[in-house]
Amino acid sequence: PSSEASSQGEPGVHEKVPESEGIVVTSEDGITKITFNRPTKKNAITFQMYNQIIEALKTASTDNSAITVFTGNGDYYSSGNDLTNFTSAAGGMEEAAKTGAVVLRNFVNSFIDFPKPLIAVVNGPAVGISVTLLGMFDAVYASDKATFHTPFSSLGQTPEACSSYTFPKIMGPAKATEMLIFGKKLTAKEAWAQGLVTEVFPESTFQQEVWTKLKRYAKLPPNAMRISKELIRKSEKEKLYAVNAEECTTLQSKWLTEECINAIMSFVSRKAKL
Amino acid sequence: PSSEASSQGEPGVHEKVPESEGIVVTSEDGITKITFNRPTKKNAITFQMYNQIIEALKTASTDNSAITVFTGNGDYYSSGNDLTNFTSAAGGMEEAAKTGAVVLRNFVNSFIDFPKPLIAVVNGPAVGISVTLLGMFDAVYASDKATFHTPFSSLGQTPEACSSYTFPKIMGPAKATEMLIFGKKLTAKEAWAQGLVTEVFPESTFQQEVWTKLKRYAKLPPNAMRISKELIRKSEKEKLYAVNAEECTTLQSKWLTEECINAIMSFVSRKAKL
Amino acid sequence: PSSEASSQGEPGVHEKVPESEGIVVTSEDGITKITFNRPTKKNAITFQMYNQIIEALKTASTDNSAITVFTGNGDYYSSGNDLTNFTSAAGGMEEAAKTGAVVLRNFVNSFIDFPKPLIAVVNGPAVGISVTLLGMFDAVYASDKATFHTPFSSLGQTPEACSSYTFPKIMGPAKATEMLIFGKKLTAKEAWAQGLVTEVFPESTFQQEVWTKLKRYAKLPPNAMRISKELIRKSEKEKLYAVNAEECTTLQSKWLTEECINAIMSFVSRKAKL
C-alpha cells in the first residue's frame, strides 16, 4: 500500500492507505488494523482491494505490531467478492476467470502464510469469501447483529479460502455442508455454537469489549505468540496450499459454466434494478 | 435393484424395488429416497439389504436427482446390522466373517464414493452401523425421538464405516470414545450438540419441516452442489478408503474371537426368547 | 515404580508407589488409578514425577486392568509443570532445557502409545501440561469446580503434549487459539462445550457419579475396547509423534530465550514471596 497518511486519522494513528482506496490500514497499541472501507457497497471486495490486502498482510507480517485485526466500516463486515469483478472485466469472462483464479490463490496464500495472530472483528453481516476466510483466522469476535452466509450453490459457485477443508474440520460435515452447499445463513450465536466464532458480544458493548480484550492480548510476549501460531499452522500448511490450489482451479472452470454465468448475471441485474 | 414398480407407490413415484425386499427406492422432486423397509425387524440390515443399497447408490449417482436421502419406515431409523447375518450363515462363523468383511468394505466404499449431497432423515432410534455411517453423510436431520447408539464393546465388536476416523474428527476424542468404546446412547439433542446431527425437529412437525427444506435444496444448481461435495470429500478420500480397509480387517478377526461370538450368541438368544 | 505397598492403602488396594513420591498408583475393579499426589504444591509435576508416570503407564499397559484413570489428590487436579524444574536445575538453564525436552518427549510419547482407554477425572483446577495432555485422553470427566488454563504466552512458552494439533482439531482454531495463545482460562462448562471435556458433574456428587460410571465401563470386554482404541489412534499416530517432536524442539530453544527466562524468574520469585 502507499504510505500517504490520511488527515482524518485518529491522533497517533499512522494510516498507510487513504480511505478512498477501499482498504484502510492503521497501526497502534501493538495492533495493525485492516478495515474494509467501502460502506456504500457493503464492503464488497474488488480486485484492487484483494491486492491491497495482500500488500497490507505483507507489511503487517514484519511491522512492530503483535497482532493483526480485520474489521468492516459501516453496517457490514463485508458482502464478499464484488461480482462486478466479473461482469466489468475488460477481456470478458474467460480473462476475468483466469485473473480471478490467480488473484484468489495469492490472496488466500497470504492468509496461510501470515505469521502473527490474526483476528476478525465481525461488526455486521459477512457474506461469501469474508466468511470462508474466517476458517484461517486465529480468533473471531462477532457482534450479535453479525450473520454468516455463503450462498455459493445458488450463484453456481463452489467454496474457496480453504473452507472445503477448514469448515468440515471445525464444525463437522453435517454442519459445514448446510453452510457451504445448501447456503444456510447463520446467526452469530449459531456460528459460535459451531466453532466458527470465538465469542459473541451484544452490539451495544461490542466495540468496547473487543478492543479492550485485543489491547490486552497485544501486550503478551510477541515471539511466544508467533511461534505458537507457527506450531499450530505447521501441521497443516502443505494441506492448506494444496486445498487452495484445488479450489481456485475448480472455480476458474466453474466461473465459465452457463450455470454460473446465468446466476451471476441475474444477481447483478437484480441489484442494478434496486 | 430390479425395476418392478410397487402398486402401493405414491402417485408419480417410481419405486425401483418392491417393498418386500427390505429397501425401497423412490425418486421425485429431484430427490432419490432410499428407505429401510423392514419395520417388523426395526429395519435391521441383512446381507441382501447391504447389496441392495450398494446398487441403489450406484443408480442414484447417475440418475437425474440432485440429492439422495436415507430414511426408515416405521418407528426405527435402523437397528443396524442384523446379527442373524452371522448366526444363520451357511458356512459357519468363519465363512460369515469373510463374506461380512467384503460386503461391509464395498458397502462403505459406496458411501465414500457417492458424488451427490447425501442426507439422512433420522425418524427414530438408530443403532450400530446406521449411526456410524452418519459420519459419511452431508447433512443429518433428526426427529427429537431419534436416539444414537453404538454398543460395539458390549457385543465384542469394533467401530466401522470410518467412524474410528470421522467421529473423533467431528466431536473430538473425549466424546467419540464415549459413543464408540463405552457405548453411551445419545439423545437427538446431544447428537446435535456434538456435531453429528445438523438439526433436530419436534416429532410432530418433523416430516413436514424436513421435506419442505429438502425439496428447496433439491432445486439448487446440481452441478455446483456436486462439485462442492467433490472438493470437500477430495481432501480425505484416500484416508477414508484406508480407514475402511483397516476397520474391516479388524472386524473380520474380531468376529471370530470367543469374546465376540459369546456376545453375539447371547444377544441373539436373548432376543429369540422375547 | 517401586512395588512397596503403602500401609495407608484402602483394603484390597495394591499401591505400587509410596505417597511421598508424588505419584500414587493403585489398581482395583479393573481400573488402574494414577494420582497426582503433591497437594501442598497444587500437584505441580517434577522431573521425578514425569518419569514415575512414564513407568506407571508402562506397567498399566500390560497389567490386568481394563482402563486407566488419572486424577489429583486435594483441591487441584494439577498445576502443571513445576517451574522450579528449571530454576533449580544443577547445570543451569541450558542443561535444564536439554533434559526437559527429552523428558517431555518421552512423557508425551508414553501417552501416544498407551493402548487402553485413558480417562481423566478432573477434580479441580488444571493448568498447563495437565490441560494440554487432555487432548490425548479418551474421556475427560470434570467437577464443576475444575478450570482449564494454559497461560503459555505470558510465561514466554509454547504449547506441548500435541495440543498444537489436538486442540484445533477438537475445538477449531478460533477457540484453540484463545486457550493456547491468549491464555484464556475456561470453566468446566466451557471446556465441555468446546469438546475438551466429556461430561461435567456437580462437585457434590462428582466422585460418586464418576466412579460408578467408570466401574461399569471397566467391565466391558477389554479386548474390544483396546482394539477400538487402536483403530482410533492408528489414523493419526505418526502425526502425533511428529508434532510431539516439533513441539519439544521448539520449547527447548524457547526456554533459553530472554523472553522466557524473564517470565519464569518473575513467576517463581512472585510465588516465593507469597
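Note that the chains take the letters A, B and C in the order they are written out, and that residue 1 is the start of every chain.
Just so we're on the same page, a residue touches a chain if its C-beta (ideal position, glycine included) is under 8 Å from a C-beta of that chain, and two chains touch if they have at least 3 such contacts.
It should be emphasised that the depicted structure is a prediction, and the values quoted were computed from it without experimental measurement.
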Interface residue overlap between copies subunit A and subunit B, same or different (over half shared): different
Superposition rotation for subunit A onto subunit C, Cα-based, multiple of 5°: 120
Geometric centre distance via CA averages, subunit B-subunit A, whole Å: 37
Two or more partner chains touched - positions in subunit C: 169, 171
Residue numbers on subunit A that touch subunit C, as the complex places them: 117, 134-135, 137-140, 166, 169-171, 195-199, 217, 220-221, 223-225, 227-229, 231-232, 234-235
Touch list for subunit B against partner subunit C, complex: 152-159, 164-165, 168-169, 171-178, 180-183, 194, 239, 242-243, 246-247, 250, 254, 257, 259-260, 263
